[in-house]
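In the two assemblies presented below, chain A is common to both, partnered first by chain B and then by chain C.
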Partner chain A sequence: MSPRLFLHVFTIQSRKLMSYRADFWVSSVFAFLTELAIMYFLWRAIFAESGMDRIGGFSFEALILYYVAAILLGKLIRGNDRDVTVSTDIYEGSLTRYLLYPSSYFKFKYAEHVGTMIPSAIQLVIFGVLYLSLSGAPADVHVTPATVGMTVISVAVSNLLHFALLYPIQLVAFWADNVWSLNVMFRFACMMLGGLLLPLSMFPEWARPVLNVLPFRYLFDVPAMTLLGRHSVAEWMTGVAASLLWIAALGIATRLIWNRGTKSYTGVGI
Partner chain B sequence: MIEVAKLSKSFFVHRKDPGFWGSVRSLVSREKVEKAAVNAVEFNVGEGEIVGLVGANGAGKTTLVKMLAGIVHPTSGDATVLGFRPWERDNRFRRQIALIMGQKAQLWWDLPAEDCFLLLREIYQIPESQFRASLDYLSGVLDVRDQLNIQIRRLSLGERMKMELMASLLHTPRVVFLDEPTIGLDLTAQRAIRDFILDYRVEHRPAMILTSHYMEDIERLCERILIMREGEIVYDGALRDVVERYARTKIVTAHLRKTGENVCADEQLAELGDVLECNEHLVRIKVPRTGVADAAATVLGRFPVADLSIEDEDVGSIVERIMQSKERMP
Partner chain C sequence: MIRYLRLYLHFLRFSFSRAFEFRLDFYFRILMDCVYYSVHLAFFAIIFARAGVVGGWTLDQTYIFVCGFLVADAIHMTIFANNLWMLPVFINRGDLDYYLLRPVSSLFFVSVRDFAANSFVNLVIAAGLVAWAIARYPEPLGAVRIAIFAGFILLGAFLTYLSRMLFVIPVFWIHSSRGLEDLYYTIDNLAERPHQIFPRWIRWAILTALPLAFVSSVPSHVLFEGLTIERLAHATAVTLGLFAFVVFAWRRGLSAYSSASS
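Entry: the complex of A and B
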């Protein structure tokens, strides 16, 4: 796929999403504030009840800032995952047109996926700056130009990793008519094991080795902790390298699934 | 340009009993049934040729077209299009073909047509000057210049089909598969699409395969047809030969002078053949081909004929008979 085509698909997708004004503002303001409010009141109650100053290495203020970062970066990394329509394309036969094009379907869909990041990036800037200017950074959080730079790279890699994980799941539609339940399980696994519901440092000791070998922690936990200055450069580099290894492995698996799947594709009807 | 050798495709489909318990049972076990959609078909199509592919629903036409366009893998056999195996989906192959499906929108619904075309320009890497020339030619011939900036989903069916045609031909493909391109269109739009296809053929000389349930499409556009029945090609030859080889009857039509005579009461009329129409002005009889000369002579001798014509059986009826017949056509 040529860079010009990638850019073209990317801009069409972002233009399309931003043309739905109501959806843009509802998803930015309402969804973000609701998620944050739940975490705020839940953790305030936990901190008050336990009487502790720090839980899992986080002060209350640092924890809320972690959630702000994880939710906003998470939107950027996941893009609009409901718009990854690979399974629908297979089920409804729309894949046919992409099979005719002299272009990679995977790259086409990834360009669309990246296009959904633009509205999320706008939301990240608005709410991130707004939150930091209203509350200020807590003492145990160190956002610096270096952590921001490392986070930008982390987000780009995590975005590709998220897509590389989601794509083969959607390809199951070649054999199963409905992959909705798999999508729901995948979303839940990402949120739980990726650090969107809970910082991974709060998981019990025995669970950490398991979390370290799974790809999910590189999705949200690593970028958020990097931004907040809680990961060293070495930890960050390990995270990026592990993500790239996972992307390569998933890429091979995806190619095998795609080759088998397209052999059984009928394009709806015979 | 298209060479097909013993190409076959079978599908496995799940059979489910109807009703609630059928659905419950299918959670545990489902019956898998093999269905042969295309069975060892063989034919070639040359440059500038438009070949009509006709057959009843489920005869395997669309599956055959999908295999030749590289969408569906065959179960066995071989085919090459422009020297490529379609299902290997080489980009050099995909740059030179187009598939237009009348029943399946292929453009992006939320985008205006021109945005879709710009995206296709990038996909097919069409040079700017060639793109502008093609866009200008196609939008002019199809008369849709004023609709280029309207979202696809807001266009009428006819306009949308014209846009689909444009989108598929912008890269000037050398092989074009047209799967029911006029389905659902009104007569004016059907005629416009047919005229356009003929113009396009003269201009670019592509190999085309056309499937359609409208015999008028086939008669107007194709000199050669393939008739498919239950996955097999039962006739491959010139359209006019279908009439010569398989027409069993002819229609004798006599326009009568006004004499007041009741010709319809004549007993010999029914002996000539099937009387399709009879009144004081006109008699139409379907007669066996072997007896057409006698029938014409009898009509001329017995009735006050002002004008007489002898026509072949309607080609659509012949093709339909071949499609439904159980025997293999010679």
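Entry: the complex of A and C
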């Protein structure tokens, strides 16, 4: 796929999302504030009742900043996962026209997926800057130009990793009539095991080795912790390398599923 | 009333036979809800490994609260959710005509026509979880209190439906459902936490205007502290008020509905 075509698909998709401005602002402002408020009041109660200064290596202020970072970066990394329409294309038979295009279907869909990141990028800048300027960074958090730079790279890799994880799930539509529940299951797993609901440092010791071998931690926890200056350069590089390895492995698996799936694809649709 | 019951039995029969036509999806959905339940329980288990109390509740009390929420959610998913997901599509495409032409209440018909057979299996699992949470509770709770708790959970499921309707009905005027849907599913997260952790103004909101605290938080309080006349009157007033408002909004929405061009 040529970079020009990639950019074209990306632009169309981002314009499509931005065209519903009321929806965009309602969902972005309220969703962010509500998600953050729930975590804020929950942890405020926990800190107040336990009398502890730090839980799981976080002060209360640092933990809230972690959630700000994880929620906003998470939106950027997931893009708009509901707009990944691979299963719908297979189910409705509209995949046929893509098969006739002189371009990779995977790349086409990834360009669309990247296009859904634009609204999230706008939200990240607005809310991130607003939050930091209103509350300031707590003493145990060190956001620097270097951590921001490393996070940008992490986000790009994590976004591709998220898509690489989601794509084979969508391809199950070659054999199943509805994969919506698999998508939702994947979303729950990402939220819990990726660090959106809780920083992974909160998990018990016995769970850490399991979390370390799974790809989910590279989705939200690693980028957020990198931004907050809690990962060294070496840890960050290990994270990026591990993500790339996962992407390569998933790429091979996806290729196999795609080859088998397209053989059973009839193009009839519903 | 008998006519409505007979009609509902027909809905059940159609829904079960349809669910078994898509067997793989049927099992996927059961698995999906099991993952959802695990996430909720694990979230609080991890927190309680680090803190002894959340919102004045112990782990045992919180498990009852979480499992109560899962039951209310499963009831909502079984009876109402599928219908409410499709309602904006019906309104925008003009498919609502089909429902309006039937000789029964259109609100009843659109709200309960599709019974989610797969979620019914999950309802059984969620009920098992709440039974487990009550059984492991260190003090005796008493059959009467447990029965009242169960009644309040049913009410919570109904209030979830009414709250969700508040975010679906505006589609009659604004046509796009996506922002409202996102908004509801974000606000709905308030029901997943004990309401006493929130400041007064949020507590007021989720105990009156959008009564998400009644999904499981208030029922759990009733179970642990007993039912008072004030609480019963509050629950009755909130339910009747919200139900009347939803019926009123539905009628106004129907008068704005112009079939396929809506």
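Here, the second predicted complex is superposed on the first by the 268 of 270 C-alpha atoms of A that agree within 3 Å, B and C clash if a C-alpha of one lies under 4 Å from a C-alpha of the other, contacts with A are read in each partner's own complex, and residues count from 1 in each chain.
As a working rule, a contact is a pair of C-beta atoms (placed from the backbone, for glycine too) under 8 Å apart; a residue touches a chain by one contact, two chains touch by 3 or more.
These numbers were taken from a predicted model, which means no experiment stands behind them.
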Contacts of A:Thr262 with chain B and chain C, given as first, second, both or neither: first
Contacts of A:Leu100 with chain B and chain C, given as first, second, both or neither: first
Touched partner set for A:Leu5, first chain B, second chain C, both or neither: first
Comparing the two partners chain B and chain C, which touches a greater set of residues in chain A: C
Which of chain B and chain C A:Ala139 touches, first, second, both or neither: neither
Touching partner for A:Ile252 - first (chain B), second (chain C), both, neither: neither
Contact residues of chain A, present in both the chain B and the chain C interface: none
Touching residues (chain side chain A, partner chain B) in the complex: 2, 4-5, 8-9, 12, 16, 93, 96-97, 99-103, 262-263, 265-267, 269-270
List of chain A residues in touch with chain C within their complex: 20, 22-24, 26-27, 30-31, 34-35, 37-38, 41-42, 44-46, 49-50, 52, 55-56, 175-179, 181-182, 184-185, 188-189, 191-192, 197-198, 202-204
Chain C - residues contacting chain A, complex: 22, 24-25, 28-29, 31-32, 35-36, 39, 42-43, 46-47, 49-56, 174, 176, 178-180, 182-183, 186-187, 189-190, 192-193, 196-199, 202
Touch list for chain B against partner chain A, complex: 11, 35, 37, 58, 60, 62-63, 66, 69-73, 89, 91-92, 94-95, 97-99, 101, 104, 106, 108, 110-111, 115, 118-119, 122-125
